[in-house]
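Residue numbering begins at 1 within each chain, and the chains themselves are lettered A, B, C and D in the order written.
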Amino acid sequence: MSTLETSLQTSAEPLGRNELAQLVARDIAPGSFVNLGIGQPTQVSNYLTEEQNITLHTENGMLGMGPEAVGEEIDGDLINAGKIPVTELPGASYFHHADSFAIMRGGHLDICVLGAFQVSAGGDLANWHTGAPDAIPAVGGAMDLATGAKDVFVMMTLLTRDGVSKLVEQCTYPLTGVGCVTRVYTDKAVFLTGPDGVTVRETFGCTFEELQALVPLPLKPAVS
Amino acid sequence: MLTFIDTVGEAVAGIKDGSTIMIGGFGNAGQPFELIDALLDSGATDLTVVNNNAGQGDQGLALLIKEGRVRKMICSFPRQSDSWHFDAKYKAGEIELELVPQGNLAERIRAAGAGIGGFFTPTGYGTMLAEGKETRFLDGKWQVFETPIHADVALIKALKADGKGNLVYRKTARNFGPIMAAAAKHSIVQVSEIVPVGALDPENIVTPGIYVNSVVRVAGASASKEGQVA
Amino acid sequence: MSTLETSLQTSAEPLGRNELAQLVARDIAPGSFVNLGIGQPTQVSNYLTEEQNITLHTENGMLGMGPEAVGEEIDGDLINAGKIPVTELPGASYFHHADSFAIMRGGHLDICVLGAFQVSAGGDLANWHTGAPDAIPAVGGAMDLATGAKDVFVMMTLLTRDGVSKLVEQCTYPLTGVGCVTRVYTDKAVFLTGPDGVTVRETFGCTFEELQALVPLPLKPAVS
Amino acid sequence: MLTFIDTVGEAVAGIKDGSTIMIGGFGNAGQPFELIDALLDSGATDLTVVNNNAGQGDQGLALLIKEGRVRKMICSFPRQSDSWHFDAKYKAGEIELELVPQGNLAERIRAAGAGIGGFFTPTGYGTMLAEGKETRFLDGKWQVFETPIHADVALIKALKADGKGNLVYRKTARNFGPIMAAAAKHSIVQVSEIVPVGALDPENIVTPGIYVNSVVRVAGASASKEGQVA
């Protein structure tokens, strides 16, 4: 992974959604078992290479999930956690829901990639509930994923539409998990979170100082 | 005691008002639509329903909710683009919701079937879904105490049953079926095919017949390429 | 079962081991799922009829266990809880140890039949440990069976070799389970245990009064 | 990360003194004799071993105990007619014993693999095996608090592995294999056959490859009709 880090460096432009998905895909170690959350994280699968030999888990009961099904492939009995028809790769396996979540909750997944409303300096994740009083709460498998995977990668834009940083000192949205996020991939930078604070691995279309101005918590540049 | 029943109506006829009903399925995969329709026709009401979701569109569980038969939903993900019947009842204060992280839902159902009185899990620690619950530091992590979810009846869809009630499922339609069959006092299973005893390989049986009480064949219910997948 | 009870009545002779096994077998309701403990309880299987349609569970991972294997049938991968080679009946299923004990612990077995050192008036069972200080303790699945099955039937001789009743007010041997035994089948009588005390369903080779003289706790004759 | 290894010696080479080792098998069925022999040859010592029994006759686990490599046994049934090596060590005070009801053993191993920090079970309540343990009245019964059993390594025997490490077993030799594979940090599996990816039906896989780290083929190890069954 260190070769990736030095080859990417700071880029001139912010990353687009596809470039971000591509970056996450390149950072996944060969042979990993990975769960990709609903929404943007699902796009990561488009950039995984055959050489990486990644096995995708879907919490509704399958390892070895393949790409989205099209045309004749569509089978209502073969869907992913987002209820989208998918395909089965050779070497796949099916299991019931408790066994499937045991894979996640038992710490057997190497990485899960999730979206987020907010991530805190200490790696707290908020991604399931806006906290609005009239919102119907729905959590799905988010808390299990956040708590169970060895590494939790978050993919999000750094700023809300109103220009407010989603990387925060303390989350104001209801939490999904405490201290669980290890990396945050955004359009403007990749952050490493942990007990020692937040380190910036690389920036996109901004300098470290410009990035620091956007984020209301102390950042450290990565030392290579 | 295992019985083979001719119609879904007879299969659900004994379900009483006020029962707790587990319904298999994740989205539409594995959802026993015909049994749910029969439950609706039966008139049973004041139900507590355990399902991953809270109904979709204008079918199955969504209709049961629309008709006011469901007093309480225990589920992980009630909010979907087409969960309008649940949304309306919830906003009107006419349905109770116990929101459970999906892994806790699965593990609590499993615990009921396995005779576990409660367990500690890291999932949900420090979140509003663990508020008021006992916590304990175990294996280097803060964990939350969760209790089993029992049910009177489970409605399940499987692919095949043999003459002993042994079940096999199909792909991700397996989901909650096996654990719900074990957790409920009485499990009612719709299958697309009933095969003779001995026709299923003993190595490959997913739900042993000991967990199955009623089996009803529903023609074409395995036709999973049909219909819309929401 | 009431027809069995009235047909058996008091017999002139104490029951032999085979007659006892036969009696237990006849008392098992059609369609039941049953676990037969190691030793004497295993003999019950010899008297189960095809019409009864009983499914036998063995806790090392199988439902639908058939008779002991002989000759060419012997397969080291197909054994019962006593590690005796057995056979597989049509409709059998295999599962791992946690799933197998979940069947037992989750209360899904209708009946288990166990041997015993002692049974108390309240249905406490002692059958795993003599309590001797130099004995190597070994419990196996006895505690799970005693606690998990809907009905626990005990098969034993009523008296020790020294003529002491094994049906006791309070067990002196280490317990296997508390208040779990529902029936006790012995060579001299069948006892029903429960919160209301011990009821004698039938006697073999003795009168109720002769039986009462052997047992150091108050017995009640069954009222039919 | 999954690796296919040529010899049982290489497969167990990384096992360190002081490790906790789960060993599959119930009696001889599913016992990975060749891996145990290799562990004996490796010289690893001061081991804690988790197995249903404590060795039989003069082979496998019994030899490991005889040679003084096992500091502690966690098992349900150490006393058998031919468990003389355990008997001798135990009576000499040279081996520690944690005696666990078999269902608790299985459930505690399962809990470790499933990320459960502890659970309540009725098994053992009121007996000497629950002495000193926390109890609680749940679901109408007194229950005992039990904790997961984790391990550094699992040694397991399966029938076949595919190129992804997915496993299938044979008859009652399945027993502890699937739950031990999930509970140990590193699982080493001996199989009689390695088949190509795609050769096992995804519906019938018992242990998904995510739980398997090392696979070694042992010729003839599935020949279950051979040898003596004690």
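Note that in this section a residue touches a chain if its C-beta (ideal position, glycine included) is under 8 Å from a C-beta of that chain, and two chains touch if they have at least 3 such contacts.
Remember, it's a predicted structure, so these values are computed and weren't measured experimentally.
> Comparing the two chain pairs, does B-C have more C-beta contacts than A-B, or is it the other way round?
Looking at contacts between chains, A-B has the larger number.
> Nearest whole angstrom, what separates the Cα centre of chain A from the Cα centre of chain B?
29
> Please compute the C-alpha centroid of chain A, do the same for chain C, then give the distance between them in whole Å.
Those two chain centres are 55 Å apart.
> For chain B and chain D, what's the span in angstrom between their mean Cα positions?
33
> Take the average of all CA coordinates in chain B, do the same for chain C, and state the distance between these two points in whole angstrom.
Computed value for the inter-centroid distance: 35 Å.
> Touching at least two other chains at once: which residues of chain C meet that condition?
Within chain C, residues 62, 88, 94-95, 98, 101-102, 105, 148 contact more than one other chain.
> Indicate the residues of chain D shared as contacts by at least two other chains.
As it turns out, chain D has residues touching two or more other chains at 107, 114-116, 121-122, 169-171, 202-203.
> So, with touch as defined above, which chain pairs make the list?
Every pair of chains meeting the touch criterion: A-B, A-D, B-C, B-D, C-D.
> If you look only at chain D, which of its residues touch chain B in the complex?
Checking each residue of chain D against chain B gives 107, 111, 114-122, 136, 138-139, 141, 143, 147-148, 150, 168-171, 201-204.
> Spell out the residues on chain C that touch chain D in their complex, using ranges where they run on.
Counting only chain C, the residues touching chain D are 58-62, 74-80, 83-85, 88, 94-98, 100-102, 104-105, 124, 129, 134-144, 147-148, 174-178.
> Note which residues of chain B are touching chain A in the complex, please.
Against chain A, chain B makes touches at 26-30, 52, 76-80, 86-87, 90-91, 97, 99-107, 109-110, 121-129, 142, 169-179, 206, 222, 224-227, 229-230.
> Over in the complex, which chain D residues touch chain A? Could you list them?
Within the complex, chain D touches chain A at residues 1-2, 112-116, 162-164, 166, 182, 197-198, 202-203, 205, 208-211.
> Which bits of chain C are touching chain B when the two form their complex?
So the residues of chain C touching chain B come out as 31, 33, 55, 57, 62-64, 88, 90-95, 98, 101-103, 105-109, 148.
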